[in-house]
Amino acid sequence: MEGYPLLEVKELRTRFSSEKGTITAVDGVTFKVDYGETLGVVGESGCGKSVTAESIMRLLNEKSTRYDGEINFKGVNLLSLPEKKMLDIRGNEISMIFQDAMTSLNPVFTIGDQIAESIIVHQNLGKKEAMEKAVEMLRLTGIPSPEKRVHEYPHEISGGMRQRVMIAMALSCQPSLLIADEPTTALDVTIQAQILEVINDLKEELNMGVIMITHDLGVVAEVCTRVAVMYLGQVIEESDVDALFASPRHPYTRGLLKSIPTITGDRSQKLHTIQGVVPALDNVPKGCRFAPRCPYATDKCMTEFPLLETLENGQKIRCWHHQEIMEREAASDVITAAT
Amino acid sequence: MKAYILKRLLSMIPVLLIVAIFVFFLIHMIPGDPAAVMLGPEATPEEVESLKEELGLNLPIYQQFFEWSLHALQGDLGNSLYMNQPVLDAFTSHLGPTLSLALLAQGVSIFLAIPIGVLAARKRGTGIDRTFMIIAMLGMSIPSFLLALLLMLVFGVQLNWLPVAGYTSLSEGLWEHLKYLILPAISLGTIQAAVIARMTRSSMIDILSMNFIKTAKAKGLKQKVVIYKHAFRNALIPILTILGETFGALITGAVVTETVFNLPGIGQLVINAITRRDYAVIQGTILLIAVTYLFLNLIIDLLYGLVDPRVRLNRK
Amino acid sequence: MEVAKPIQHNQLVALEKDIKKERRQLAVKRFFSNKTVLAGSIMLIFLTLFAFIGPLISQFTPLQIDPANRLAKPSAEHWFGTDNFGRDLFSRVAHGAQVSMGVGLSVAVLTAVIGMVIGLYAAYYSALDHILMRISDALMAFPDILLAIAIMAVLGPQPVNVVIAVTLAKIPVVARIVRSSALVIKEQTYIEAMRAQGASSWRIIWRHILPNTVSPLIVQVTYVFAIAIILEAALSFLGAGVPAPDPSWGNILYDGKIVIYNAWWMTVFPGAFIVMAVLALNLFGDGLRDLLDPHSNKALKE
């Protein structure tokens, strides 16, 4: 196992067949996650973030879904594993936390039962020991008096608590990879911060790799080491988190960053928005997928499809004109700074 | 929980009262003189008068109702004019076949419907799903007595496999008992099965699309565990409701089905009572069935608490 | 500007016409693309034609006795065979269709009207609601056939009484459906606003709440229609419904049971028509529910 990266996704393509035809929800996604690293996956809703995550765990309906490419986990391609082997990986080696903790917990079982269930399945422990371990996990996530909580049902606890339960459940078997799909979106800001802290602490403790799926760049800045920006089923930019915030290359990433309101910003100025909406997946543009919404788009962008290009500093970008745009923006920044 | 049961019991009082009023006034809806109608055209005026006296029909109506209710509460539902025995005795002596039939039919329907419903939900949109749902639609559209006649035609008359009439009680041996009940139970259970299968399917489809199913899969649970433990336990809640609601349909069907197969059950008791104008029996029987139905629904309501913890909490 | 306005108005009218036409076309298209509702409608049309044209093309009347020709098998002369009195079964089943479907339709219309009024007023006046809902709880505690049997026992076996008995048994179901959708509407802000402005309750109930309860009402009434046909058949089969010698699907089955060993046709033909009628109405109701409620549509199709 040593020597292989924790997770290496290569040219992943996930297609759904439906009555209307085939839809490609994830189209050639490539990224890597190492032990102890947090990769942020960012993008608007419908860009394929969640499908990518669920593809890694192969949670999608196997009959109507086709996967291509490779998902190498510790050197083993998950896409070629039989379902039976996948059962040992899900919840054990790779775990997932979902966005909506209320609906992601089964309402008819106690939270203790639900945490203990994966411990029993993966660690060959008896019910009693599994329960003890469940209490232990709840304590790790910072839930007060966990020995009482295990006997409660999901509807009896608050939203933040539920997300902690989800985390306890996901981490109960010490996975090497944690996929968190918008784990804080449904929560209050203060609780958001606490939850992110819990995830981060446990990551350090277990030396896990984490994939943090979010549309919130604030979350990315807080916890991620690297970021992949997705648009319409493709990664369009990938870089260190610092580099991304300091010098975003792709026009879409720039747009995303500009659309964050800042406290110090000029209030009279209108907030930046990216014009247009994400096109439907069954109607993707021919050339660069962002071209119809891109302020810099040229004819080339409309007809020719850009590849993901790696720059000297390790930053990856999928754009024909990123060099010119950077130069132009730098110049205009100088001008605005001067005035 | 105790307080909840008490509350539910108290809330049943007005309903029971209305049921009682309705049953009581049934006899007064008879056009003309009830006593004369009961005794038939050959009765002499003296006989009519003495029956009136016996039934208390000469008393003011509120007093009649009061006395009737008082007796009913003590289990005295009057006497059958024709059979010369208390209505309650007549009812209990006819209860066995009906109960056996209803339970067997319910058993057959649950046994058939739930696996089919779950399978159809899992194979949603495929040929298997469509086939089962078309069969269910057909099953829902065949009145049980008609299916009884058709089964009788095929298995009793043409193939001669099973008896088409008669009954032996359980004390004569299980097979002897069941032999007479198989065809009635199938004809009675089919509509039930169709309704339950459709309900199970749609309820499972709803549940299978929920987020916690994904969580369960993400834990690495086998598909079987995901479906039967996580999904089915949730889908059971609406299925239980249907089971309670269809009890009425079960009795409806049992009454008519019994007549087709000549089973000496409640259905036969009622039908005979109608032809004999034995109104005390009609009153007593429908009162007892209505009360049973109300209590059965109460039990089903309490069962929810066992299946669904959210209900339990609300009741605390 | 002054000149432009009338043209704009004309355009608007034309546009509105177009939209209406389009909406109509869409409704027609949806109707025909919904196979369930289409299959149900075709079967219903067939049954209606059978009920009205059947008696005309038959050479026999339903009451014409021919003792020499008792229990004849289906033949070129007697398409469905003859019964134990030698009466032509085709003619009896066709006349029975009028009776059985007539009873069903009357029950459907009556429960719809009465159930609607009760449901609407129960939803609007909460004091009334308590009383009416306890009464309907009580009525619903009686299995519908027992209730109907009891009423028939009292009123006597007549087609009109079948309608009364079954209607009484089914009103609570319809009233509840109307009430629950009316309650949802009643709680909406615009109804409260209207009440605050002093709109009369009559106007609120009939002009604003009623239209929103129509879809579930129609769907439910379709099912009631089907149940009424089953109940009529059951009552007549038990001898408590439509009295002999007039034919109804139920009492033909009653005659047929006595001779089930000798004449399968007396059970199979009326039976097939009952199943077809009930199936048609169930399909129609299911399809209609999908058409009128996009949510359930999705749930079913997916």
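Residue numbering begins at 1 within each chain, and the chains themselves are lettered A, B and C in the order written.
Criterion: contacts are C-beta pairs under 8 Å (C-beta built on N, C-alpha and C of every residue); 3 or more make two chains touch, one makes a residue touch a chain.
Just so it is clear, the structure is predicted and the values come from calculations on it, not from any experiment.
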Chain hops separating subunit C from subunit A, counting only touching neighbours: 2
Distance-maximising chain from subunit C - centres being C-alpha averages: A
More contacts between chains, B-C or A-B: B-C
Distance between the centres, which are taken as Cα means, of subunit B and subunit A, whole angstrom: 54
Distance from subunit C to subunit B - Cα centre to Cα centre, in angstrom: 24
Two or more partner chains touched - positions in subunit A: none
Residues of subunit B touching at least two other chains: none
Subunit B partner contacts - residues on subunit A that touch it in the complex: 54, 57, 59, 86-92, 95-96, 98, 100, 103-110, 117-118, 121-122, 153, 155-156, 166, 169
Residues on subunit C engaged by subunit B in the complex (per definition of touch): 134-135, 137-147, 149-156, 226, 230, 233-234, 237-240, 253, 256-257, 260-261, 264, 267-268, 271, 274-275, 278-279, 282-283, 286, 299-302
Touching residues (chain side subunit B, partner subunit A) in the complex: 210-212, 214-222, 230, 233-234, 307-310, 313
Residue numbers on subunit B that touch subunit C, as the complex places them: 14-16, 18-19, 22, 26-27, 29-31, 124-125, 137-138, 140-143, 145-146, 149-150, 152-153, 157, 202, 205-206, 248-249, 251-252, 255-256, 259-260, 270-271, 273-275, 277, 279, 282-283, 285-286, 289-291, 293-294
